[in-house]
Each structure stands twice: as structure tokens, then as C-alpha cells.
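Quick one: structure below, then a few questions.
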């Protein structure tokens, strides 16, 4: 394959799927991976293909030993060199008191939020380094910069994720690998995550109140534009960290 | 005039001039203002016109009472509504011990670094608010997030600039005005500022060592791409703060 | 005089006055300066003297040209070497839209919030440097780290103040001068500032609701304990920045 | 026992042991836990007893399942209510490229740096909450706020630790439990950690160059003073985060 490959880990109908679409539209072959919902995955691939792009997809249990590693090697071998990798696994489990955050939950948060990114970088950076270039875009959350009560598992995982992005950037930037930490500071119009967390009825209500004209929900197809821009920045002007939120939302550091 | 207007305060041959060019290329009328060097200003305008864009320019002593205010009103009246304003005045004076930073110097730093942005926002936001949209892009520096020794004047001015960007964003974001704080964390390949500070010989040497293939200097025409992207973000996904540096440079928070 | 001198600029009945009392109790001669209310000033001095300490006081219009400079030199000459200086001038003017923040107001915020500290450091650090030691404790506010809407003047001033503390620390730390930025993240039980802002009735109500058993208001005599601790830290373990808030309050970075 | 208990996890001859000594001197019963070196542990306990304090010690493999939990319960039952807990486990392994940071190493960093604190809080906060008060002091490192190259494991662990401190503070502050994140930004004069990392000869050389008169090394008995101060702060004025470094050192955010 002569197309550069864009790999998306965590490719639901929100940010992940839309980023895959955007890169496919711009000439990348998109490889989509998600934990479950094979039908949803096929739909995303089909949408890309129907629009004239190329894509493939696979279910991936990212926290399993060796799964990310095997997947990356397989894509490199079967499809082509991964030019852009998007780490889009969330670790949000809603607000829970510490007493309601068992050891397994806290550990799982870390496995998805932080360890998985380390594993992706561990297997992928040697390949990118050999090629002299590559991009790793990491979706992040407000919990990476402040720990709210109820966010013990999520904040600890995301705080680790952010520092890891910095240490990766420090080691691999000069080797031509661009690592970016993209802080999503708001609710995304994403049926697969926010939609499921709220339930169909509440999600629809939220969309009606804050979506549409009001743009209170962040539109994932617009988020994808910024992911693409960051991936295409000239190497003399790389962004390592940026935030995204709706114009009508309050920034995480502000209070009303 | 039917073109939207992009106003650049601090339009030298580095970031400011290149941002003006980029917006002009994309269909804006660029209005360039700088303190001195009328010939340089005319050259920039001519380059834009020659490339098929439209632009106008004016010398502006931004720290003078009423100068920014008069200029903004005049542009709005004579040329058209300002859609994008770029505040690109620097306040860097090199490293100076506190004892070598007289009161006038410290105050001038604030007048250029912080007060000028307040004055621009004060005169421009009511107009943008009435129109329901507008963008203010603010060039910033590492001194906005940490105070190095020798940077007393610059850091105090830029720290104020950054907090002002946040308070402006908090008040005007929900009114459709996008304020972005763009942290330039490195040396820009800019003959009018870095070039003059270093002198022609050293600047050429720096360019030869770190520029070109090595991209150690940030290319201003590439920085302009990101300014343009931020200005065009959909209002459901606005970036308030981002950093830019060369791949080969050390981020401000890292040590070698 | 053989006692070391602790100078407090902004010595009202809240943090400033209580810090003066604490240092006087521990063997310093306290010099209190405030803009107005000579009677209040005399009361504070009398309280210190009655408790067996020594103190003197003076009205000081800190934003006037030369006032801080003259005051520092006079204290050094008439009373003795200033060992600890506390810069406790506030610049909070309540929440105001940008349109209700005139140029004079914005500039005054900077003169009190940022320029005054620069002036104090400019006149005092050469003296401290000669003596090989000294401490400058700077009261700061949440506005130094985030700009809320309505806080344009305050945030710009305090953001500058914070960066200036860092640049002063970077230049003067190795010369034995300890500069600390103390972030007061909450409402202080201070009749002269919060009390006057709210009015007697509302302030009393706030005290009844949040003070006393509930400690929702920060007790300034307890804040003074931490100021004293920081001033007495061994020079191998200096704190440059710390925050203070009530246990029952929400940290600035958290949302409920 | 009528003395309040101060529990130190990670009680070597540096910060941990000195904090234990300070609290014992001030009337606490100190309980010291460390992974290895039973003789060193006995020495610390003996030093405290000889000075007229009371203390007990135990070897503890903190990363083992159930070990922290069992230890906390045993102390509460056999000795008395834990009033202050100091989490002083480090996770620094020196600079290593990502390729030299195997999965086990990265995971162990997290188990010591982040998961252990979560486990301590999980078992201890319900007891403290019932008593209406308690203090958890967490030693932290510069890696909690920036990820240097070579610090992948450490930075990811410490970034998680810091966010966890914030989420714990947010949930438990209003319940009377004070959580503080103490950032040690420099080399500590600690034979058990820095000493072992450098080797006896280099450590002695470092002490001679930077210790003593020059105070370039942070003296752990002086660090302990600040730990004690934070633990004794009145609940209306709690510090959540502070930094400590030598006067002669460069702050992590500054460059020379």
C-alpha cells in the first residue's frame, strides 16, 4: 500500500471514528480498532469506503497482554507503515467516591488511561524512529490537569498519561516523532460514550438543549479538523499541548 | 469592502507579516501595523498584493495614548469590520539584572506586553460582540508561564498578558469571540526581531547551524498556518491555549 | 536597634496586621504601612506593644512616585536593616465587565498588584544582597493562576506579580534572598478588606455562616503562622510557592 | 497509647526517617516502615527512643497485595489511631530510554508511585473520616509536574500521584482530612537513596561540593520542619501543594 496509515485505537462514533474519517478523506488509509460493537466498527469502515476512502477495522481488547503489540506489528506487516497513531482510549467511569472505587477499577483505569499508551509507544516508536518521522496524537481530558472528587481513578490515570506524553515528546521529538496531548475540556457529541453513559433519553435532551445552534456539545467531526492540523504541522512548529472546548462552555480553570 | 479584515498589530518580517500573508492568501484583507520601518511595511504589503491578495499598512506607535483606539476605529470605518485581530507586539528586551531594569523599562514592558492588549480588547470587543463573532489571536512567549532571571520586565508583562487572555476568553467566549493565547516556545526565524537582537552576522550563523534542514529555528510562515487554523476552528471546538516549538528544541519545562 | 525588622506593606486588620503581630511576637520589630485609617494603624501598633512586642507604623500611598523607595530607605536608616518584607497590597476591585474597567482602573490594578512589588524589590534587594540574606513574602490570589471573567484588571496584575516573583527568585535566591509567592485561595476573615467590600451586615452574616466552628473563612492569625514558617525555612529547603485555603472550600482548580 | 500516631511509609535515613524523628520529638508515636535494611530501621527507632521519643518499626513490602492494608489495620489495633500518615515511597530509577524501560519496570513505578498511595488512602480515609480529622502528607518530585526524557516510568507514576492527591483532597478535605502534595525539587542529602544511587565515593564528593556551607543538598531534617508545619496548619488555612528546593538550586521551571 502506498497510502500512509493512520491507526486509531478507540474508534467509536465520537472522536476516534471522526478522526479516522478525516485522515481517510485526506489520503490516509485508516485502521480502526475498538473493544466491542463489531457492527458499529463495520459501519464506520463502510462510511469511509463509501466516501471514497480506504479503511480497515478490528476489534481489540487493548488491556490484554500483547494485544496492542500484536496489532501494531500486524498492521505494519499487512497494511503498511503507521504514520499517525491516535490513542483515543478513555478511562472515564463517572464520579465515584473513593470507597466505591475498588482496587480493580483503579488499576483498570491506569491500564487503559496510561499503561496502554506506554505500550503503544514502546512498540511503535522504534519503527517510527527508524523511518525518521511519525505522529502520536493522544486524546486527553481535564482530569489530566486537575483531580476532581470522584475522579480518583480517572485523574490518576490521565495525570500519568499527560506526564508520559511529555517524557515521550522529550525523548522522541528530536528523532522526528511528534507527540501531542490534546485536552478535550467538555462534553463531546458522541453517542458511543457520552450517549451510553447518559442513556438515550437524557443524551437526546442534552443534544437538544446544548447542541445544534448552541454548539454546547463539542462536534467530533470538528475536533477531527484540529487533530489533522496538528499531525500536519511542519516540524519546526510543533504543538505539544492544546485544549479544546465549546465557546459556550466554562474553561476548567474558571468558575462561574 | 466585502472581504473580512484581519488586523495585525506588530507586523514585522517574522510572525506578524507571515500571518498577514496567510490570511490575505485565504481571502482576508490584511491590515498591517508596525512601529517603524515604513519601507519594510510597504514591502510586506507589496508582497501580498503581488501574490493576488489585498492589504494595507500603517505605522503605529501602539503605546501612545489613543493610538490603538484610533487605528481600530479608522480601519472599521475606512476598510471594514475587523474579523480577526492579531496582537503580536513583543516585549522582550534580553536578559537584564533587576538593577539594570529601570522603572521606565519595566513600565514600557507592561505597556507593550499587557496594557496594549487590554486597550485593543477594550475598543474592539464591543464591535465584535455586536456582530456576534470575532477572533483575537495573541502571540505569547515562554515568559508568560515562567519567570527566568533577567526576564523581570518581560515575564511580568507576559504573565499579565496570559491571565488577561483567560479573563477575556471567559467573558467573551460565550458571546462568540474567540481569544487564543499562542505560546511561541523557541527562536523564530525573524530578521526584524531576532535578527536585530543578534546582529546580522550571528543571525546568519544561527540560521546556518539551526535553520534549514535542521529546522531548529521556527519558520514563521509555518507558524502562520496554525494561527489560521485556530482562527477557523468551529465554535464548538475552540482552542484557548497552545504551544509551538521546533521538534529539535527542548520544551520549556524540560531540562537536558 | 538589635531586633531584625519585618516590614509589612498593606497592614490592615487581616493578613498584613496579623503577620506583623506574629513576627513581633517572635522577636522582630514590626513596621506597618497602610494607605489610610491612621486610627486602625495605631490600634495595630498598640496591640503589638501591649503584647510586649515593638512596632511602628506609617501611612503610605504606595502607588505614589518614590513613596515605597523613600519609606524603605527611611526604615533602614531610622530603625534598622529590613530582614523580612511582606508585600500585601491587594488589587481586587470585584467583578467588572471589560466595558466597566476603564484604562485608569486597569492601570491602577497593575500599579498596586505588580509595579509596587517591582519597586519594593528594586530598592530592597541591593541592601539584602549586601547583607547576604533577606526574605520577601508576597501575598497573592487565585487570579495569579487563572483569569476569571470580571477579573481583567486583577488577573492581569496578579499574573504579572506571580511571574515577577519567579524571576526575582531566580536572580536573588542564589544570593541568599528568599522570595515566596503565597496564594490565598479563599475568603479571609478580614474586616478591612472583605468586610468593607461586603458591608458590615453581610460580612457578619458570612462570618456566622462560614466562620467559627465551620472555619469557612480563612483566619488571618493562622495564615500568619505559615508566613512565619516560610520566612524561617532553612536555606537548603525554601518554598517558592504554596497555596492556602479552608478545608471546607473548593480548590480553585476543582468544580463541585 | 495516648500519643497520636505518625505513620511513615518509606522511612529511610533521608526524608522519611527525619520526618519520623521530628514528629516523635513533638509528641507523636512514630511508626516507621521500609522495605529492607532491618538494621537501619532499628537504628532510626533507637535514635528516636534515645532522644526521649517513642517509635516502632517494621519491614514492609508495600507493593505486595494486602501489605499496606494489613499494616495500617495492625497499627490502628496495636498502637493507636493514625493521626498523620506520610507516604514517602520513591519511584525514581534514574534516566532510561523508553526502550530500556520494560513493561515490568513501568508497572512497578506505578505500583510504588501511585497505586500504593491509593491503597493507603483507601484503607485509612474511612478511619480518619470517622474520627473527623487526619493528615496525609505525600512526598513528591519534579516528575509530577513535567516529564523529562528518560523519566517515562517515574513521570507517569508521579503525574498520577499528584492528580490523586488532588482528588483525595477534593473528597476528603471537607471531611477534615488534610492531604498535602510536597514537591521535592532537588537532591536530598539522603544516604539511603541518593547515596546508594551515586555510590559512596561520588555521594561524599557531592556532599563536599554542594553540602555544608553551600547547602546545595537539601537537608532532610530541615525538610521535616515543613512537613510538621503543614500537618499542624489550622484547618481554615490548609496548604495543598508546595515546593521545596535549595536556595542555590535552579527551580524546575527555570533554565540557566
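Per-chain numbering from 1; labels A, B, C and D assigned in written order.
The criterion applied here is as follows: a contact is a pair of C-beta atoms (placed from the backbone, for glycine too) under 8 Å apart; a residue touches a chain by one contact, two chains touch by 3 or more.
Just so you know, these numbers come straight off a predicted model, no measurement behind them.
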Worksheet entry | Chain labels contacting chain A and also chain B | C, D
Practice prompt. Between chain B and chain D, tell me the centre distance in angstrom, where each centre is the average of that chain's C-alpha atoms.
Written response: 45
Practice prompt. Between chain A and chain D, tell me the centre distance in angstrom, where each centre is the average of that chain's C-alpha atoms.
Written response: 34
Worksheet entry | Inter-centroid spacing, chain D versus chain C (mean Cα positions, whole Å) | 31
Worksheet, complete the sentence: By the touch definition above, chain A meets two or more other chains at residues 146-149, 166, 169-170, 253-254
Worksheet item: Is the way these chains touch best called a line, a ring, a star, complete, or other?
Response: complete
Item to complete: Sort out for me which residues of chain A touch chain C in the complex.
Response: 145-149, 252-255
Response to the item:
Counting only contacts in the complex, chain A reaches chain D at residues 97-99, 101, 103, 106-107, 110, 114-115, 118-119, 121-122, 125-126, 143-144, 146-152, 155-172
Worksheet entry | List of chain C residues in touch with chain D within their complex | 166, 169-170, 173-174, 176, 178, 215-219, 222-223, 225-226, 229, 233-251, 253-254
